[in-house]
Structures are given as C-alpha cells and as structure tokens.
C-alpha cells in the first residue's frame, strides 16, 4: 500500500484522480490539497464522491506534505507545477506531473509557447509518460510528465505509421475536438452551459500550446523534425476528445494492410482498441475509461490516410494515464485499478 | 461462480447488465439473447463493451438456455416476460424479472393498467425487489420482480415518513423527471436527439403505468390504501431520475428532526445517501452508480414536506438493483460488484 | 418611431431585448448600457448580433441618458433597479422594469424575501405587467413591473380556474423547471456546461423569491390570501420553463369542460395557445417566441387537476413580455415586432 | 403574391421551409405534401407551428398540385426528386430542388456516388443555387439545384482564395462537423438522443456523397480539376455546421491581407459575415438565420491557411438558401423574408 497525494484536488482532473484512486487496491489517498476549498471534504467539493472520498482538502506547505505521501500527482496549472515539483523530488517523493511544465525537452521551445522556465535542471530527467510508446523509460523515473490530452489522442494513432515510414511527416494535419471538461472548473463566461450547448467552435487556431508537445513526440517517432497543423474545437459534451488526422501516404497501402499494422502494433496493449476496417470510434464508447480507440481509412482518391482516435480526456487524457504511469513507476500491474468499463449511454 | 443469462441483451438495460456483470467477481455471463442482433457479439451491439463483453447474442429456445445459466435477468417488455418466466422457473432457474409483469400483487389492478395476465399463478410467490424495504423476503425467492425506475425513486424517500405516520397518505404528489434512456433503444421519432435536446415535456400525465406500482408499495408502508398524483417528464439527458415529492405533514416537524429520521432509517444502507439539511441531490452525482441520494425540506409556510430523490435509472432503477437483488438471492455480499463510483462530470 | 434604452444590455435578457427590438418597426435602440462592456459594441458582447445591433455599450449617468431615450428597459438585478428607476421616471421617461423591485405591492413582503426597499413611494403606481390579466392597467402606466419568468408560467394557467372557483386555493403546488439561461450570464461554477449537462437538480426548495410574487397575483385572482408550494429545478437546456401545477378540484369537472374553459378564457389572446385534450406542451415548441402554451388534465382518481404550461423564459418570461408591455404602454398593436415563429428543432 | 408548395413537408427541412415562408410577405404556402402525415395539419406534425402554419398535408398527384402552386420546393430524398421534378417543370412550375439530384453536372459522376439518373435531360438547365457565387445564372432559371449543407459551408470560404490563386487546389482538406438535424427526422437508432448526446463521432470517412459536389464547384472556381479530403462528423447539437478547412498557400500572405481579401470579396453580401483577424465564428451565433460566418488564419509555421466557416444547416444549408434562391428566381429582394436574427443562447 502506497500513499498518494493530489495537489490541486478541486479541479476536474483532481476529482477524477480521487475517483480512480478510490478504486485502486494498492493506493491510499493520504493528502488532497486545494487553495479555494481548504478545510472542506472532497465530497463537499464533489458531491458524487460522498462516502467514497471524504478526505479533507488542505493548503499546507509542501515541506510538510512530503512526509505524508510517497507519490504526488500535481494537477495544477503550468507555471505552478514548476514551483513545487523540485521540492517534492528533493524530499524523495515520486511525482506524476499533469501540467505541461516538464513535457517539453527544450526549454527554449517551452519558453516560446509558455513563459520562462524556472526549473530547467529537472527537464533532462523528466520522462514523457505515454506508456504505450515510452514504457521502458517510465519504469525507473522519479518525475513523469503526464502527456497532454490532445497529444495523447494524436500521437497514439500516428506512432505506427511514422515508425514504419508510411506517411510524409510534413503533411500531418490534426483536427481535434474536445469536450468542455478540458477547459477546467474555473468560473468563466466562455464555458457556461448556455455559451457551449447546441454550439460548436474552433479556438486557438494555429496557436494551441499542445502543438510543440505533439511535434516533439512525433519527431522522435519520425526520426526527424516536423511541423503540424493543429486545430482544437469545443464540443457541447463533458468528456471526450476525438482527433481526425490527415497525412499523405508515402506509398500505396491498402485498407487491410493499414488496419493490420495498427492491430499488430498495439496487440499487447490493454488500453488501445483498434476498430475493424470500415468502423470508426466514438467518444461515448470510451467515456469514463482509460481506452484509446482508433479507426483508419485509406483514401485512394487523394493518396491520404485518415486516422480517427478517441479518448476520455479526463481519463486516458489525464487522471487515468497518470495512474497508469504510477503503476509503471511503482511496479504494479499497469492496468491495476483502471479496469473500469466505459459508461454508455 | 454462478452463470447468468440476460434475456433481451440489446436494450439499454441489457447493455447495462452486461457492463455491471463484467465487474462482478462471482458471476460469469453465459447467455445473452436478442432477436434483432442474434449472431452478433455484444460488442457489436454496444461498441463500448469491446474487449469486455464479447459474448455472441443468440435467439435460442428457453428450454435450451435453462441448462446453460443458473439465474436469468429478463430485460424484456411487459407481456413478453410473463410468456417466458414460468418456463424458466419450472426448469429450476432463478429469475430477476425487470419487466412490470410480476410487480403488481392484484391481477385485476395489473389488468386495469396493462393487459390480460397469463401467468397469474406466479404472482403470489413473486417478491418485490426493493432490498432496502423488502430484503428479508428477497433472500429466499426464486422470482424477484425488480422495481420500476420511477417507483424506486418515489418509494425510498417516502418509506421513513409513511412508516412513522408523519404525512397524510392522501396528499402525496410525485413529480418525476427522467433521462431519455428510460424510453429504450427502439427507433422512434419522439426520442430522436433533435426532438429531445434543449427541450422539456411532461408525458402520460395522470396515466403512467408506474402509478399503481407506487400506490401498492406506499399502501403497504402506510398500512392503508391511498392514491397519488404522479407526473413523469422527459429531461434532455441520458441517465437519471429526479423525483420531487410533496405531502402534508400530520404534525409539526422541524428540519433537523426530519433529516435525522431519514439518516437513521437508512444508516446501514450502502446505496442510500441522505443529504445534510439544506442540501439537495442532483442526478449527475449518482450517474453510473447504484446510489439513491435523498434530500428533504420542511416547509413550515405550507405545512408540507418536500422530498427530492435521485437515482441512475439504468442502475438503481434497473440493472444495478437487479444485480443487488441477485446478490441477496444468491447469498453474496449485497454490494458485490456494485462498488462503482459515480462518474462526474 | 420611439427611442428605447436597454439598461444592463450585456446580460442574456439585455441581449434578447436587443434581438427583439431590432425586429420592431416602431422602435429605435438608442442607448445600451453595460458596466463591464462599456466601449464595446453589442455585437462584440453578442457576436450573433453582428450587423444587427452594432450600438456601442456605455456606462453614462442616467441623467444624461434620459435625454436620449423615451422608454427604458431596466434589465438589471433587483436592488440595482430601485436605485435608478425613480430618476428615470422623474425625468419623464417610461420604464419597463425587468427586476423584481416593483412587483411586490407590500413592501414588508418584499423586504421579508429580498432586502430593504429604498423606493417604496413608487410601489403604488407600479403596474404588474402581465397583459393577458392586467392589460387595462398597463395602458396608462409609466412604470411597469415586468413579471418574473416562473410567475408568468404559473399565473397564466391558473387564472381561469381561480377566477371560476374551480380549485381550492390552499392546495396549489407548482413544480417548475427552467433552462439555464435563467441563471444569467455571470461566470459561476454552478452554471458551467459540465456542471449542468446530463444532469438535473432542484434548487432553493421552498425558498425561491418568486414565491411571494406568485402568491400575490394568485390571491388577486382567487379573491383571498393563499400560500403555495413552489419548487424550481434546473434543466440542461438553454431556454424554456415548464411548470407542472397541481390543485384539488372543488367540484366534478370533466376534461372537455376544463379544456373549453381555458380555450374560451384565452380565445382572443395572440400569445396563449391551449392544447387540445390529451395534448401537452413542450418547451421546444415555444423556443424563441412569445407564446405560452398550456395543457390540462382532470385526474378523476385523485380529484386533482394537473396543468402544464411552457414559455421561453427569455421571451414571454422576460424580454418578449417587456416589449409586449411597451406596445401596450405606447399604444402600438400588442404583438408588433413579436411575430417571431418558434425555432424547432 | 405567389403560391408556394412544399413537397415533403414533414421532414426537418420541410418544417423549416414552412417556418420561413410564414414570415415572407410575398408568398402564400398553398400546398404541403407528406405521405406519412397526409390529412394532418402541419401544426400536428410540428406543434411549434400551431397558429402559424395550419395547412393540411396531403398526398395528391403532382398533376393536380401543379395547378395550385407557382413554385415548388422539393424537400425529398435524392432519387425521389428526379421522379417528380420533370413533371413539375413541364407543367410550367418553377422548382427549387433541395435534393442532390440536379447538383452534379456530369451524370457519370452522379451515378458513381449515388445511383442511376433517370432525368439526365434536365441536368444541363439546372442551376447550382449558391447565390453568392452564381447569382446571375439563378435569376432566369426554372430549375435551381439547392446546394448541400456541407458544400455551402466549404465553397463559400474557399471561393475568394481559389479565385485569386492563393492556395494549391491539391492540398484542400475539409473537416466538417454537423448538428444532428442533418440526419433527418426518420426514426433510426443512430440518431436517438442517447446515442448522440455527450458524444462525438466521424462518419462516412472519405465516402460522403457531398464530396463530388464540393469538388465540382471548387474546380469551377480554381479553373481546373481537383480532389479534396472531406470528413463529416456528428455533433451533439440540433442545428449548425462548422467546417475547418486547410490548404497550402501558394505564396506568402499575411493575416491582414487574407482577412481583407475575404471582406472585400463578400462586402456586398447580406448573408456572409467575415470575422476580424483573430476572431472565429461559432455555430450558435448563426442559429436560426441565413448567415454564413467565416474566420481565417494564416499559419506561417506550416505555410497553410485555416478557414473556419459556420452556417445553420437547416437555413443557409437548406430552407433559407432555398428561399433566397426563390427570391432571386422571382425577382424579389434577395433577403426578403430572411431577416431573422440568430437566436442565442
């Protein structure tokens, strides 16, 4: 039994971590922090957790908390994470960081898209926590940079194709659509029910901060630099990301060959499900689960491949993947505590 | 390990039974039937169950199926259930019937609201499967009549008050609101997305078939006959029922006394959560779980009590309660396999 | 051509007033105020109004604005309204006040439910602006108190029954359900998309401030004091209110008689549509329009009547009714500029 | 005053035509046909039209109907349209066909994507009814092929760029997202509320029948043949289409230059609104209106342009554009009867 801490427990990712950890047989949630809700139970912040996670949120100094947990999930905004992660590591704790602060290898790239980086010396040891691609590096890590939700949905479907040289890296376009929980639980007009429901919009066109993260990881898979077009959109639903990805094929591939490639690439993965030819995934079929479902289409008319992937942004795109990383870091079975069945309808 | 059959696996309740049973450590799903989807895997009917419930649906005669399962969940429409349940019982199988066919004690009442009853001789032994109220009778039963979704949401909050004579049985009004999954997966114009979304309506005003079921069970609790006003409504959401219930208090009661009564009445129940005074439940906080959450308000201005209860209509209102009943019937821990955490947001 | 001002143009009601007034042939929108958006065009606050209402919002003193408009729609919160309405009236302007400040005749009642009233001397001349009930008083008024959204939906269906003594005034229960736009455009966690969607809740049970307003107007119709039980609920939709109303009948009434009574009572009304026996209204059928649709059911089993009414809370429940009142005040045809057709789906 | 007929009045497009025509000062709706609802009033098929369109639906032979209307809106499925349009034309009626049957110039292309064409002789005279691009040809037409919803959303934003040679025609990718009303009012499991809500999916990836229509019209604008990648998606909302369109720029263009080009290209158009640089449209801002709103982004990192367009699929994507075409055909002001303001929220 290990003791886990959630730093930033009142956000949607924090609440989801509490939900998932409550089902984990080898973890006890020993610390939950929140500035706004200090002194309140998690079940007051999130009434669905009544009787399940009744731990009281606190706003104590990290120095004290490090004695009360073995592993820390930092579910805080970028810039906040880099201010606390070093102290956690130096105290001997493991950290799964759900912010963007340790995902970008090159601090200059980070600073071009975010702001100044004040913990550069930890970047080298931070491991990008996409277990299906990077499992062997995660195992021994003390600092795991949990991937962004959009990047998870874009990298997993492209990995087999890039590794096999099937697509031209300069032609990748990722058109992604996200549920509204990705925008967080902060009070803002833009995510009010009436602003979002029965509507659809693009946002941060060509400017979203997940772009360099995706490019960095795709470049590793392709073996060379690349740039992509990435457009996020807001869907009137709570959970889920669907990414539609386009790229030029480098040679003739038929549908069965492509489907087979994806299936064999991911055949041992518990959390990746490949659709049969002609089938495509939908976000409602992964809701509440750690799955990434992937479909593909060879379009011979245009010489392009179209990939469609879906995840639950709060699970495989955040809290679930974080627990998956924790399992790898701690030597547990990788799917331990993550065997939830998608909730449909 | 017992073997379970789902008769009518392609409806929403059938899919939900498959989801819940896949998480149950003492049950193997050995049979799933569907007329329309015979020959197809459950995961083709419900893609979210891919890798979780890949059993093939069939349309075999009951006589054959009785050899391949120990307990049958009949998730079929009323009238269909009464045609197959006798055969299952006579073959020595246990039955949890999710239809209305065995819920009404008096066949004349049943026939006044439904149609002719062709299995009257089994009514006497059928046990109304609301474990919190009727657990001791369920334990030895071979035929459990799983309650309707609306009745579950109305009976549980009223039970403590009726048993304690706190309200006038002739003044009960239940105004209930249900998510759209209650209307089933059949193709019909009335439940198309565009007909339901961003809208709200009442239906079957004063005529819904759950009325006599509610009245029957409330009468047992009150110790005398009664009639209620019951109005169901359709909410643009998938899952969830909220019932707002009004009744005249028979004497002065203060808020704390009422809250305490509800809390003590249900203090040992795993699946009933009573809100603190001033708090009220919401359907999104029980989504995907077997909970019934209840809040109450003493309105001294009018001398009435207002009760607000919520359930997930597919879980506590159908499949979850059916598995709870199975646990009681089979002597398992009552919450076995039902420890799912509500999914929010 | 008259000049109209919207005070508080950035709220949902303000935006809706701008939409409706843009279609009115006898009105020019000459002033729009907003503290938060001063200096911005209405079309920046509400992009749907681009090319339709490009007036610039301002935050000027009332004293200046009174020279630039003939009639003022005060779409501000209660307490704010009472601080500005006197000045507008004294400058000779007409006022349609959409707040609660001038709806309650008795300042003691107002103060029991709201807070201190600082413009008591204007209460006597304020006219309750429900034209179907009170048209003759509105015609000459300089201050119209535009009804609350819930009260509009409750008073209209009950008026014919109370006027004819068909129901016992002490038995009225109004169970109302509102779309989320009723909560306004302010940034708050409780009305975020993820908090509201796929969920349903009651709120302010037995404590909502529209209660005394409803009771006051029903008492006038009944000819005696009464109290009601009123419970509002939040529906995952933008627009619309549905009220389900219960009361004991004072004598035997059959369905046709009741339907006929409603139809004849409202036969000359352009904005009230009575459903045929057996039919009930739905909010999506009045979306975007000034209609109030009403259905009724005589429940002989319980001796109660059930009334179901629907309105668009932003139109008949706010901005549309305000323009209807303006038409009466200014002597225009009452439906001028309000002939919009409901938008479905 | 002209007399208009709606053939296929019970679909969502038929209902929307009735709504829009009811607001048109120069048109009387004289005929509405429906097989399934013959003998019923439009207001029974669509209760929101009660008191607005109470015409009775009929199922009479075309030969009789041609005497009772001057212009016919054929809102029927492809293949059905080609069976009736010739008779209408030969009887001297004007036809606005909302099906796909007369949109494709080349019958071989039509037959490759649809089925055999049985009215080929009318293809030459059919005019593609996108007024902003093709107004001069529509004016004298007796048969207008009303564009598909997706094509309208893709062609309008691309037209200025293709006409000016700013993009490489071989690099166009259109990723489109549609509300569920586009799937029609037929009863089918796939568009039930529970299947669609809180979910997102792609469909007909690389195979949608609007592809050749888009390619045909873009080719005319580009002055040469081209193929595009087109992927439609289903959004959990009723109305609206958003298309995100990618293409390689043929030369350096800056953001202001591109925005200016779009603004000047559409400066005289009443139904096209171009967003300022940095702004992007949303479907909720055109809901219920005939607008097409367009935003654009020059992405210098990738050398691509990203265009984002939105329409209401039932208005500018169907019934509204059809009435706009009728106005052009009949010599009315092009925006007559179409001055509805978008409904938000």
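To keep things simple, chains are lettered A, B, C and D as they appear, and every chain counts its residues starting from 1.
To be clear about the criterion, a residue touches a chain if its C-beta (ideal position, glycine included) is under 8 Å from a C-beta of that chain, and two chains touch if they have at least 3 such contacts.
Everything quoted here is computed from the prediction, not taken from an experiment.
Seen from the Cα centre of chain B, the chain whose own Cα centre is farthest off is D. Comparing chain pairs A-B and B-C, the larger number of C-beta contacts belongs to B-C. Between the Cα centres of chain B and chain D there is a gap of 45 Å. Each chain gets one centre point, the mean of its Cα atoms, and the points for chain B and chain C are 38 Å apart.
Centroids built from CA atoms put chain B at 36 Å from chain A. The set of chain A residues touching two or more other chains comprises 12, 181, 194-195, 197-198, 236-239, 281-282, 284-285, 287, 345. Residues 173, 175, 177, 179, 194-195, 197-203, 205-206, 227-229, 231, 233, 235-240, 242, 244, 246, 280-285, 287, 295, 297, 299, 301-302, 304, 306, 308, 310, 345 of chain A touch chain D in their complex. By the touch rule above, chain A contacts chain C in their complex via residues 12, 180-181, 185-189, 191-198, 236-238. Interface residues of chain C facing chain D in the complex, by the touch rule stated above, are 12, 15, 19, 22-23, 46-52, 181, 197-198, 238-239, 273, 279, 281-282, 284-289, 293, 339-345.
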